[in-house]
Amino acid sequence: MEISIETTQHTQFVDITDRIQAELDKFPKAKNASSLAIFVPHTTAGITINEHADPDVVADIITALDKLVPWRASYRHTEGNSAAHIKAVLTGSSVTVPLRDGRLQLGTWQGIYFCEFDGPRQRRVRLCL
Amino acid sequence: MEISIETTQHTQFVDITDRIQAELDKFPKAKNASSLAIFVPHTTAGITINEHADPDVVADIITALDKLVPWRASYRHTEGNSAAHIKAVLTGSSVTVPLRDGRLQLGTWQGIYFCEFDGPRQRRVRLCL
Amino acid sequence: MEISIETTQHTQFVDITDRIQAELDKFPKAKNASSLAIFVPHTTAGITINEHADPDVVADIITALDKLVPWRASYRHTEGNSAAHIKAVLTGSSVTVPLRDGRLQLGTWQGIYFCEFDGPRQRRVRLCL
């Protein structure tokens, strides 16, 4: 199972909760699984779970990561996108979410975000039951 | 499977290793599982695994996160707890721990910590076999 | 399933992708599994997934973590390695990677790195199918 994401900005958190649920809905065996592992097969993007109610939260997270890992610094990597790689390490490449009867068991305020750190790009997220 | 945690401080790392093991002990099927996914359904709390021997380690981790993500800064989110959301991103919402015969297979010095970043609050942790 | 790693430097990212795949190849049941959980049973080491093509990327990640978490600061923990514990929290103790027919399904540029933050030491990584 896989979903495709086309990011439109250089740094962008895309709420993919509904798309993951829609993908799960296609697979009857999801109803018997206790959890779903979500994996990002990229090195300049990550995955995280955080508030999906107020978009200012995501804006604050993006700003905070930019402060912690400035885009311009004395990096060695000649492609110039080392900050994106470092942010991917800080957010992580996988999360595991509980399932019940095929439904994601997130907290009230939680959404699952694909974290683009070097877009815009065509991206993918893999789902493992 | 779920455990409840009542945090008592604004920022607090609660060692929940024994409570998770006690919960596992109630479920015979845990004996056949190879791993346990642990999930935090909150957006201002995280989960991490680190030293449980010297409490100064956890104190140092809390202080370091406070320095990296100051409570007061020019955040947009009007609830005033953006730092807690950002720390939750840095620590993460899930970990997966090996099991053998229903027992958590942690390293000698490891404990599983619920990370409260905006307490005190009533919290939950979900366990997925 | 477990692999041993002997780190040779104080701070070192060791690409263990091939060793994990070699271990998986010994277990026929890996062919039926949809994912692999990888767990580090240490408190001063972590695990992350990032670029394995240009070693400068890993060098930049190491440097960035050193800047975020300086080795010398006013830490309480008397062993003097609090920075290693904090970096372990930031990178994390577990990742979950998709499998298909017993093969790790990583992205083109991804490698799985054991992150030594207080070496050289004898270390282990646990694999859970």
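Note that the chains are named A, B and C in the order they appear, and that numbering of residues resets to 1 at the start of each chain.
Note that a contact is a pair of C-beta atoms (placed from the backbone, for glycine too) under 8 Å apart; a residue touches a chain by one contact, two chains touch by 3 or more.
The model shown is predicted, which means the values in this text are computed figures rather than measured ones.
Chemist: If each protein chain is taken as a node and each touching pair as an edge, is the resulting graph a line, ring, star, complete or other?
Modeler: complete
Chemist: Can we say the copies chain A and chain C touch using the same residue numbers, with more than half in common, or are the two sides different?
Modeler: At the contact between chain A and chain C, which are copies of one sequence, the residues are largely different (under half shared).
Chemist: Distance-wise, how many Å sit between the C-alpha centres of chain A and chain C, to the nearest whole number?
Modeler: 20
Chemist: Touching at least two other chains at once: which residues of chain B meet that condition?
Modeler: Residues 37, 68, 90, 92, 96 of chain B each touch two or more of the other chains.
Chemist: Give the list of chain B residues in touch with chain C in this complex.
Modeler: So the residues of chain B touching chain C come out as 34-35, 37, 48-51, 54, 56-57, 59-61, 63-65, 68, 90-92, 95-99, 105-110.
Chemist: In the complex formed with chain B, which residues of chain C make contact?
Modeler: Per the stated touch rule, the residues are 37, 39-43, 68-69, 73, 75-79, 82, 85-86, 88-90, 92-94, 96, 126, 128-129.
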